[in-house]
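Here chain A shows up in two complexes: once beside chain B, once beside chain C.
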Partner chain A sequence: MSSTVEAADLRLTGPAVRRRGLRAAGTILGVAVLVLIASYAVFVPMLAGTDEKLTDFSSARLPPSAAHPFGTDHAGRDLFIRLASGLRVSLLIAVLCALASMGLGMLIGAVSAALGGRTDRIVMRVVDGINAVPHLLLGVVIVAMFRGSVTAIIASIALTHWTQVARIVRAEVLSLRSREYVEAAYLLGSTRREVLRRHFLPGTLAQGVVATVMLLPHAIWHESTLSFLGLGLSPDQASLGTLLKEAQSEVMLGGWWALVFPALLLLVTTLAVAACGKGLLSRTEGRQ
Partner chain B sequence: MPGIEAASRPARRRRRLRQTRVIVLRRLGLGVPVAVGVSLLVFLLASISPFDPLAAYLGDRFAQTSAEQREVLSESLGLGTSWIQAWWHWVTSALSGDLGYSRVFRQPVASVISERLPWTLLVAGTGLLLAAVGSLLLAARCARRPGGLLDRITAAAATLLQGLPPFVISLGLLMVFALGLGLLPGGGLSDPGTEPTAGQVLRHMILPVTATALSQLPWLALSLRASTREALASDAVRGALLRGLSERTVVRRHVMPAALAPFIAVLGTRLPEVIVGAVLVETVFSWPGLAAAVVSSAQALDFALLAALTVLTTAAVLAGSLVADLLYVWIDPRVSADV
Partner chain C sequence: MPAELSAVNAGFSYGGTPVLRNVTISVPAGGQIGLTGPSGSGKTTLARILAGLLPAGEGTVTCNGQPVQRPWKQKGHGCGIAMLFQSPRASCSPRLTLRQIIAEGAGRTSRGGRARRVEQLAAQVQLTPDLLDRYPSEVSDGQLQRACLARSLAAEPGYLICDEATAMLDAATTASLVRVISSEVESRGMGVLALSHDRPLLEAWCTSVTSLAALSAASGER
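Now for the complex of A and B:
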């Protein structure tokens, strides 16, 4: 295994090496930025001492300064702290969404491929069907019916995004199905359920994780969009979406900082996560 | 493999007709169950959700109605029935042209749709067209010097723009051009108190259209860039360059046509995102389109309107992907519908 990797490395010439170096640099940068963002979200609200919900109308709508690096909002709340706790909520929801999608997607994808035949065809039709509907629209319908429920937000993302994980995992199981060790397991008397549990699910975990990381930016977008439309989290719960919703009215009054900082953070977070996902993807592809 | 040998013109036409039929049938085979499934889902969700359809129907009047009145009303609205019966009732009346009454807009759902759909088509259509033309022009320029300055700037800018959701792009445009510079109006169809004349609408649609175009452009441009690169590496292009044809001609006659078919396919897959973008853009710019009505109907739980819009949007996306599929086969003679 390692000798073939070395042989492949030897074949890479100048520009290829540089490209690979650049890609690795991109991944490292993505991870570094993500660590920075995560520690901002985790530690700033913890260390801030003051409550992020503390209102102080005497210092409402202050532009960024040394005391308030990101300015303050209409109720005098410090946006540097509020954005950190909003980011925390958004990231938490996004991770839960991605995990839920991963669980659903891996299970359905692996079972569908393992069973094959008519079940598989029906599942793939369902996947096509879900992908044909705008995801946000389904999310809006689900969230509208169960207003204000975080579970509904998570479910609305998981129920629309599992298809992407399922597709990748299914393809992987289809290729695993004809491997010798899987055939050996069947010959030794393993049941289909055992093979699924012992070989298919562990064997596709790497692909499943990569697909899930690639889902994270979607999940962040989805939550912020629903909250921005007033259908997600309640407005006093800070999140990237609710802060951007507040920014809409703040901007009308000249409060550019209320829009610029959450938007920048959203941009940097999604780009960093996407860079990590790409890095993981190229690693898993390189291994095969 | 049939069809590889140079076919006569009538034979080609026959083959194309057959492919069209295959694609239409296949899309219908997916589309009808999906539309039925989506409408079923909406009714199922409504039945298990904590929301009370009678309260939603009555709105503010709910508190003023007596228990007996509610009973009578729920009888006449068919609310006592199971969700599947309610769904059947909705389907049969929808097929006979009655989509119900929208509480939010205080008019029949059908007239909400016919009043608002043109405005959505205007902005979303113009935006998508601009994005498509823009990315074609950009990709054609980039293809002349792959890895050059313009190429790299395009790739970087597109990746950056991809990281911004449509509502952030809209808010940014609103902040800079409407509020900061005061160049353009920031919302509505026309200035307050004036009639929406053509000139007014044109000025007011600049920002929403730009936001739509900017949120679609990066995806289209990046995919076009990838397919032009592939086309550039093909033997046909190398041969044309060796024959001494000018770079311009090669890009125009060999690279772009080869990149066009995958581009159409990407356009088709972007349709759901265009609709989502329209929802957000219309909300930010208070554009009186149908997409913004999705949000108001969801916020107010205007069930009749929400159900109709959900199914309608799904149908629109499915129809769009049918058109994209057909164009794909018609444009690229190498593609066969049997794949």
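Now for the complex of A and C:
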């Protein structure tokens, strides 16, 4: 009798089940949308058969139709193909930024916490200093020095966003540092570097990956903002940011489609990546 | 230079609350010393001070005449103090297999040499080869504690501190671990400090058994 009561107590109640179900459905939807978007960005430019930069002034500013699902721009370029190319560039830059931020953040956060003491205090003050300056401002300064360079865009986002990953990883290493298996490793003669490699970095990888995935939508927006401000990629190079910048003048001439489709895609991509990140986060927290 | 692990008039406080006062203890190489005391009396704190995991607030801690350093600050294995913790689950990384856990103690030998040593130690602590590729979550507490003992012995420590190491084990596993430790004492002259609140166990295992209260009182009289 008592075991039945205990089992019933452990079962999730209605609202909790609904919440968990909604969260799982959100993650599945996010993954599905992301796969769809990635397929669009990868396969459409490959299968289109025409160059997305090819101009055809005879078909300039055509509204969406069966021949041009997203319409055409002022130079007659098909926006369905151009948007796919732009999305590919934006996603690639965002992924590289997120990976660079993860690498920097994990290494600096883990080393800082592992060494502790004065090193840790100095690193944390540097992190506070970077966080105190608006990221966009710092990014603009870096990009302005190397205008139009993809490397500069990646560097400007990575150098301003590694601090978030570093903070999370540092907190995780601080909790790992007092675990008995880490103390046992030190007692058995492991050096700090060995403990870092064998225990700290693998132990913080899950948190680091989640922080990186959560960073992806932010990186997409940063790239778009820099290109929109004219500091990112050159105007002929399609990206979500350059397409939105071009849409400014198109909208004034009635070409609403030049703004709606890139903006919608930016929004949907951000929400899909964020949903995946949240799903990953809840799985990690659940496991802990 | 005396071959012993010792603490003289050691004391420690947690946030102003004294836990240990004037404790003097010596573990000679080749000796098996049992230390008993009720839960919360400071046995684990003393064990951690002797291993260097906690700094002694008062007194001195030496190993073979040299001051015991914090393990992460010393080069190599120091004077060779290993510790067998109470909870094998907490003292093993959940991401490593039993083979990797044991190999952690084998240090920087060649890969082949390390593999042979792991298998030899696994046999010594009666771990069957099929268990070596399992993760801690896939074995019992007793099997995991055997792996922890093998890891400690792989480093060939001069001194082994067993902090309630058998508290979570059944009688058969306890007897088996004690046998392995005692044979290591006989063959290599390793010093052992066994902490437990199970006095009958310590009396069956160790050459001398004392209580933490007695150690503090004796130091006070001196």
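Keep in mind that, in the parts below, the second predicted complex is superposed on the first by the 277 of 288 C-alpha atoms of A that agree within 3 Å, B and C clash if a C-alpha of one lies under 4 Å from a C-alpha of the other, contacts with A are read in each partner's own complex, and residues count from 1 in each chain.
Assume contacts are C-beta pairs under 8 Å (C-beta built on N, C-alpha and C of every residue); 3 or more make two chains touch, one makes a residue touch a chain.
Computed from a prediction, not measured in an experiment: that's the story for all the values here.
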{"item": "Partner chain in contact with A:Leu47 - chain B first, chain C second, else both or neither", "value": "neither"}
{"item": "In the superposition, chain B vs chain C on chain A residues touched", "value": "B"}
{"item": "Chain B versus chain C as contact partner of A:Thr270, first or second or both or neither", "value": "first"}
{"item": "First, second, both or neither for A:Leu244, with chain B first and chain C second", "value": "first"}
{"item": "First, second, both or neither for A:Ala185, with chain B first and chain C second", "value": "second"}
{"item": "Partner chain in contact with A:Ala66 - chain B first, chain C second, else both or neither", "value": "neither"}
{"item": "Chain B versus chain C as contact partner of A:His199, first or second or both or neither", "value": "second"}
{"item": "Contacts on chain A seen with chain B and repeated with chain C across the two complexes", "value": "none"}
{"item": "Chain C-facing residues of chain A, complex", "value": "179-181, 183-190, 192, 195, 198-199, 202-203"}
{"item": "Contacting residues of chain B [partner chain A, same complex]", "value": "30-31, 33-34, 37-38, 41-42, 45-46, 49-51, 159-160, 163-165, 167-168, 171-172, 174-175, 179-180, 272-273, 275-276, 279-280, 283-284, 294-295, 298-299, 301, 306, 310, 313-314, 317-318, 321"}
{"item": "Interface residues, chain A side, partner chain B - complex", "value": "125, 128-129, 132-138, 140-147, 217, 221, 224-225, 228-231, 244, 247-248, 251-252, 254, 256, 259, 263, 266-268, 270-271, 274"}
{"item": "Residue numbers on chain C that touch chain A, as the complex places them", "value": "51-53, 71-72, 76-78, 81-83, 85, 87, 90-93, 95-96, 104-105, 107, 148, 151-152, 154-155"}
